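Naming follows writing order (A, B and C), and every chain is counted from residue 1.
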């Protein structure tokens, strides 16, 4: 059977130039797997999108994929954005601030660090790598209190920096950069640059960094997503509700939803479709960023990068 | 890793360890307990008072109108509002944040609203030898006639060792809700005892299948049914002592009632907040024992059962034959004053206002006020809406009848019931047979939380 | 840029890797033999570049970690108590069931992740049409943008046979209500499904990129030799992905032992029917913030760390992980 199959294959591949799969049986298998996987990932999201057009009652009694009305959608939008006088907008803004600020600091720290780990020599290099690995495995719960106490010692609790600085510590990003630099930049290139008279800083900025665009995009993207979705650190560090990021704000929203918190039944209560809308709002920036950085992400992987 | 020179690495690790230990020691130093100074006039060590400092108030989003009402009535007092999740849904945020501030030694707000009613169990005890968060209120901070103006029993969750540490915001006493229209339509009369209720439930299941007389699938089911049956599952006898006796006759009789009615399908094992409940039982709820806030959350709510105007009535909680009726209680928030506050006068004034003032409790509060005179006015306001066919005197009567044998420990009875008993209900098993398992679960949780379980 | 990557990629995946990996000394010798006086690794700029990261590592990694260990071996008053906390948490009536829950979850989760992610990555990689391939990757990734509190409501409905978009499937499996779906015996599988739904997309993107790394010449050669797609996948692509799979396994193992988000989600959605101390990490959280016992919490965290380290070491060794590194 395999030889007959192989014979078929050879006939087909003679005309095929790419290394991609061809042949109808192959295609249908791929199609089936793909369709199944897509359904698995997409159906709950489709439901979520439709849910924002319905009322809470309709969510319970109507078919899951039945569309609601435009008016209901507008009412839900209004309910969400009226909650605590438009707190949602503030939350999104705060999330963006923390995530972007942390992103910038992360890049400034991690890219040179990865470069140093990969292509330079200094005394504690190996220790640092082992430490980085161990730190990545530590449970988050254990780190909360000490970080809180540290921030308290320097008087930063309640300030945005109390969130941004811990966010900027991103060992996965450093590891990623390290692997990229150690596998994709030939040392001969750097040596040649030095021969040409470049100083060390110039070697980094003029040679290594331009070649590192993929991994920079990668680290930026994953760092942003991780910080955007982080709940616990901002919860601990920020007492004041107008500095809440989106994830912490969502928990306030959740507590104002009678379905989850019966004692909140009242005039200011939020209903499930508005909660669904808040969920979508919290996802959008990440999605936009993903679409935008798809190119870099894939190219970055090609050169041996790694996700956290 | 093959090329690591072990000795060098070990030396480096050692160096790191020593340096790290030094910093850790410094950190450890800053979490040590504060030295306790002597008690002030109000019964606790006071922070330095600054008369005009702003007070920081933590509320959930439903209580924001309370702060606004206070600010309108007292424009000279500066108030900074922080909204948080009200410690609801098991988040424990109030406890978590105060623990962090205790460790840091600063940062506490002046006033906190908690939607839970068991916070006095931990807020009255200092952590790691430090000062307790809750300020004592009955030694002058709140006038004693204000304190006695609360419905009897309303301040029980706030009282530890006969001292009052918080003010109750609202009550959630359980009553018997019923659909008068349906009752008359089927020709039944309102039951006057639990035994009658059970008989009626069996009758309804036979004669009108699909209609229910109650629900047992919520996490607060023990507070509605077991509490009002005087089941000794949660008898808090001291700050850290509890008696758990789930095999008593009182517990057994209610468990048997639940088992029989659920088996006959006269009572649903679904939670009233699920889509299934709304789908199956809209228009089919004959009666429902439940807390006061069922009115706005379930019956008069277009997102839930949406019972039309003029059908619902309220009756007093049921007794068992030959006994006095007692009510259970599901919730009711509490207001705390911080013992670390730098402006005790303003904070106390705030506390008093939001729990007693008509401008909030009567005009805007969604729940039955804990303060008796505000409650009476709130009830007449609800009656004026014309939604109910009966007056709401049953609510007022039940408010004073909440049984005091069910306490407010630091662990959650609802969570224990939800994870131990609700799965049994939904899979058709017997509650009565598993009362022992319930008792064991409560005792285990109590011991982990540091309670001594009395034998 | 493109030329560099293809040149590199051909070399980076072959078994002999002295040029790519640890042959620093060789390289140094090589460049020295070219007549330069500098070693291939410069000594001067390293400390400067690494210092900010070192500061952050100390501040947010090392010191908190050491503090956690310190808490685990002391009591609430600061006195030395090396085993008391560990004894107390292991004695907790929830400890072993939490450990069993985590173990069950990790087994299902790892197997599903490794097998299905690799399978899906290979399938996506095999798509010829470009826009289809990137759309598929987008769809797989979107759930990952939905984290934490947002999804409480989503899963409350998706797991409810009455209102769920996959209601027919749930009802066909015999479940007619939300409580029947979230029975304790189903939970490890449900959590694995939720975790997979949110986490697989990112890993598929990673594996996809790793597959891109495999030179097309090797694939063509195999095809010309008559290998079927399955054989190519099994004998060429998989072995070359070995290190990536090992990386994915290690990091997912760490994430799995720290199971927290999914049970918390369902605990909120079910109003407590799924307990909030289902996993060991949740138990640690409860110890810290419910019982105010930071020492006990640290003890649980240290135990989790040790287990994660041990298991990771296994994967590291079997996956040949550190062969790629210039450690």
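One rule holds for everything that comes next: a residue touches a chain if its C-beta (ideal position, glycine included) is under 8 Å from a C-beta of that chain, and two chains touch if they have at least 3 such contacts.
Source: prediction; values computed, not measured.
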Chain pair with the higher count of C-beta pairs in contact (A-B, B-C): A-B
Label of the chain whose CA centroid is most distant from the centroid of subunit A: B
Intercentroid distance (Cα basis), subunit C paired with subunit A, Å: 14
Whole-Å gap between the CA centroids of subunit B and subunit C: 39
Approximate Å spacing (C-alpha centroids) for the pair subunit A, subunit B: 38
In subunit A, residues with contacts to at least two other chains: 59-60, 123-124, 126, 131, 145-146, 149-150, 251, 254, 260
Contacts with two or more other chains, residues of subunit B listed in rising order: 4, 16, 27, 89, 96, 273, 275-276, 279
Multi-chain contact residues (two or more partners), subunit C: 62-63, 67, 157, 162-163, 268, 271, 288, 325, 327
Residue ranges of subunit B in contact with subunit C within the complex: 1-4, 16-17, 20-21, 23-24, 27-28, 32, 89-90, 92, 95-96, 99, 122, 127-129, 217-219, 269-271, 273-276, 279, 411-412, 414-415, 418-419, 422-423, 426-427, 444, 448-450
In the complex with subunit C, residue positions of subunit A that touch it: 2-3, 5-7, 9-10, 13, 18-23, 26, 30, 33-34, 37-38, 40-48, 51, 59-60, 64-65, 108-110, 112-113, 115-126, 128-129, 131-132, 134-147, 149-150, 165-166, 168-169, 171, 174, 179, 182-184, 186-188, 190-191, 194-195, 200-201, 203-204, 211, 213, 222, 225, 229, 231, 247, 250-251, 254, 257, 260, 272, 275-276, 278-279, 282-283, 286-287, 290-291, 294, 297-308
For the subunit C and subunit B complex, residues of the former touching the latter: 22, 58, 62-63, 66-67, 70, 76-78, 92-94, 157, 160, 162-163, 177-180, 183-184, 267-268, 270-276, 288-292, 322, 325, 327
Partner subunit A, residues of subunit C touching it in the complex: 1, 4-5, 8-9, 12, 20-21, 27, 31, 34, 36, 38-47, 49-50, 52-54, 56-57, 59-65, 67-68, 71, 119-120, 123-124, 126-128, 134, 136-154, 157-158, 162-167, 197, 200-203, 205-206, 208-210, 212-213, 216, 219-220, 223-224, 226-229, 244, 247, 251, 254, 257-258, 260, 268-269, 271, 281, 284-285, 288, 294, 297-298, 300-302, 304-305, 308-309, 312, 324-327
Contact footprint of subunit A on subunit B as seen in their complex: 4, 9, 12-13, 16, 26-27, 30-31, 60-62, 64-65, 81-86, 88-89, 91, 93, 96-97, 100, 103-107, 109, 115, 172, 220, 273, 275-276, 278-279, 293, 296-297, 301-304, 306, 330-333, 364, 366-367
